[in-house]
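These are the structures in question, set out in turn.
Next come two complexes built around subunit A: one with subunit B, the other with subunit C.
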Partner chain A sequence: MGRKFDIHYLLDFLPKLLSYLHITLFIVAASILLGLVVGFIIALPRLYKIPVLQRASQVYVSFFRGTPILIQLFLIYYGLPELLKLVHIDVSRANVLVFVILAYALHSGAFISEAIRAAVNGVDRGQVEAAYAIGMSGYQAFTRIVLPQALAISIPILANLVIGNLKDTSLAFTLGAMEMTGKSQTLASATQHFIETYIALSLIYFVISTILERTFHYLERRLLRHEKQVAEPAVRYGKRRLWKRTLITRLEKGG
Partner chain B sequence: MSLDPGFIWTAFLSLFKALPNTLYITIVSVFVGFIIGTAIALIRIYRIPVLYPLASAYVLFIRGTPMLMHLLLIYFGLPIIIDGLASALGLGFNSTVIPLIGFAYISFSITAGAYMSEVVRAGILSVNRGQMEAAYSIGMTTPQALRRIVLPQALAVCLPNLSNNLIGMLHGSTLAFTVSVVEINAQAQIVAATNWKFLEAYIAAAVLFWGMTILIEQATAWLERRINKYNRGGVA
Partner chain C sequence: MIELKQISKSFGKNQVLQSIDLTVEKGEVVVILGPSGSGKTTLLRCINYLEKPDNGQIRIGDFKLDFKTAGKKDIHNLRQRSAMVFQHYNLFKHKTALENVMEGLLIVQKLPKDEARRRSTQMLEKVGLAAKLDAYPSELSGGQQQRVGIARALALNPEVILFDEPTSALDPELVGEVLDVIRKIAGEGITMIVVTHEMGFARDVANHVVFMDGGVIVEEGKPSELFGKPKEERTKQFLKRIAPEPSYSI
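Right after this comes the complex of A and B.
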């Protein structure tokens, strides 16, 4: 199993793997952006309590939270072409990345919809009432008052989701997508230096997720600047912490 | 659409063969992970000298890298270490004695340990300081107070998080197929490839996982209600 450990290979593999970093990041960015759209569509029926759709979105969220991402990847890879065949669209020549991004988008869409729901519910009810009182329409109140505040609340959860998504993309190689992990597989089996490859790959993932974490932390502090001006900072902070705790309980993925 | 509904049921039944492996991996990794996590959490809360930075680095690294990396690093790295030690010390065995599922146990326990430590730490920190002081004032030692007073309460607080972790590890166990352990995902691949019916096999696997997840969620909700009984307000 493999050859003797050789540090030179590690240094040699780092740039080779880094040249595939943009594909990994592209998967993450595209799936999170798509996931935000999906999440919004899924969250709205539950926020406004629309009868039948509310139930449907519950089932959607339950399914995507209740099955492993690996299974979802395969389901979409094999299932989507069959579904599209019904409407006479041939996707057999489509790039595998399309399926990968779609799978991650649907998966993170479920988590994002929960985050949006929790964050919107986390905005004080009085804010919406005040918006209505000065004559805003429902749409105006949502986009101008609720959304900016909800965004700030949801940043820590979103950060968790993005980092989780980054780590999940390491599974895309199972469909044959050529991102960092896919490249590492070919590098490792070509040179038989498995351990060096995976150490290099882990280092890259570690650095990227640390950078992401720092960025989101900074973003959160910026978006919550206004909170500092509130009279009783200790009380406000405590309230926010409580929210954070309940949110993260529902949203953090182990592993 | 060329979907064969009957085969979903056939595949579903054959997946049960692999269910024990999935459950073993999940239970072992969560159980060992919980022990590691509690130790790490205590080290970090009490800031025990040398161990504190090590524990922090461990949690930071594991949480910053994908679970697949841990599995592959253990799978390819551990044999090198064991074989090196065995030949250096002249022990009579080598890494081939470790069963494949052993690698999954070890690496997923390490993964779970890091995530659990955060959960347990949050739980312990959420217990009121007065509880610890009250325990000291009636003459308990720190280990006694921790074991009898703080940890039971912390456990109740972090139950939802623990269940989330359990579900995460259940879903994570699908990765074990990369080191050729036949758990549900691997079994689905086998069934799919031998019958050339991929979609049906994965639908069956998804349904099985969905069912197990809902079961865990329901059990947690029930347990939460029970555990928090002492905690309700009122007089009766």
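Right after this comes the complex of A and C.
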């Protein structure tokens, strides 16, 4: 299958694919931002143990964790217009990217809500009590004391989610979205140089993932600057301890 | 003056406080003693509304509150009149010593920033930490962290400071520095309620000692009375257990 390997094609494809990178990155950024909002909304009922809503969030999370993202994409792309038709809203002309972003936002939202929950539960209860004791309101305690610490704890998980999301967006081509992977499909079939296309494509994904990873690592170190971190091994140790703490709190809460 | 009346608290079926009455005069240092599980921590937490009593009233100075009917505003008011020093310090981990002390002044009391900084620096100097203003809690020893905790409480200028076993999480060699600080501020006439197992400290510093067991106040009085000639059998046994008469001399 395909034509003989020719490095020139690889060099030729790289810039062509790169010219679609911004669409891929736009999908990632938009769906993660929306996903953060969704994640918060889904996490709150479980953090505050609100009776019925708590159950609903659980179901939501289970669904998005328990079904393949490809199916979720299809369900939203084909299902949502049908649903909206019932209330007489016509979305048949909407850009496919809208569905793609929505699907990835709902999907990441489920995972982000779990990350938020674990991180907030991972913050020592004594921190909130100290905040109350000096007279802070619940809102002040949450935003000034819990959230900054939870954010630091959740950065590694968030990093995984964003990088995972970047890779997952490659599936959007199945709906005909013209992002990087979509473009690679057309390039490959037009030229019959499959290997070159996919090497070029994977190079780009790899470089972007690495940049993201480094950025998050830097962010984490900044946010955790209050933890002892004289040398690199100390950071490792600190991280493990945080994780252990998170895990223990989760086990204690039976979650 | 602080007055607690008929404070009761249950956790499920476990009644932890049974109608506690306690009066603390202004400037007094009250030490609460008692075996583990007797409700000492719960009582302190009720005063600061970290725990909601099922019943009872509290009066701090001219502020009165009935726990049964307390609303958000009352709780906020109550908490502004008291401060808590925790067994495990509970310093805000992502804030420096100075920021820990400033936080309440800025956010709750809404002082201007330089005023809050000035006051906080002063408090940290008072507890002997002038050199550690910019250190994070993880960079401080337990004793130093607890002294920041005390500075944080002091800075709020509360009518009473509640101490829950402030030295029991510390390595023995660090206990002294914290007790010295508490002793010093006791000398300045700040009202304090201290739960501790440090008998020497209780003898020296307390004006009033309260012995609790099983959720009730069994006996209370001057340190000389309570330590010297306790009336109740339970008090005698507890004191014997916790500080047995030395049978040898060093």
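To be clear about the criterion, the second predicted complex is superposed on the first by the 229 of 255 C-alpha atoms of A that agree within 3 Å, B and C clash if a C-alpha of one lies under 4 Å from a C-alpha of the other, contacts with A are read in each partner's own complex, and residues count from 1 in each chain.
Here is the rule we go by: a contact is a pair of C-beta atoms (placed from the backbone, for glycine too) under 8 Å apart; a residue touches a chain by one contact, two chains touch by 3 or more.
Predicted model only: the values in this text are computed from it and were never measured.
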Contacts of A:Thr210 with subunit B and subunit C, given as first, second, both or neither: first
First, second, both or neither for A:Asp6, with subunit B first and subunit C second: neither
Contacts of A:Ala152 with subunit B and subunit C, given as first, second, both or neither: second
Superposed model, subunit A: greater residue contact from subunit B or subunit C: B
Partner chain in contact with A:Tyr132 - subunit B first, subunit C second, else both or neither: second
Touching partner for A:Gly79 - first (subunit B), second (subunit C), both, neither: first
Overlap of the subunit B and subunit C footprints on subunit A, listed as residue numbers: none
Residues of subunit B defined as touching subunit A within the complex: 1-3, 60-61, 63-69, 72-73, 76-77, 79-80, 108, 111-112, 115, 122, 160-161, 164-172, 174-175, 185, 188, 198-199, 202-203, 205-206, 209-210, 213-214
Contacting residues of subunit C [partner subunit A, same complex]: 48-50, 76, 79-80, 82-84, 86, 88, 90-96, 103-104, 107-109, 136-139, 152, 156
Contact set on subunit A toward subunit B in their complex: 1-2, 5, 62-63, 65-72, 74-75, 78-79, 82-83, 85-86, 167-168, 170-171, 181, 194-195, 198-199, 201-202, 205-206, 209-210, 213, 245, 248-250, 252-255
Of subunit A, residues touching subunit C in the complex: 124, 126-127, 129-137, 140, 144-145, 148-149, 152, 225-228
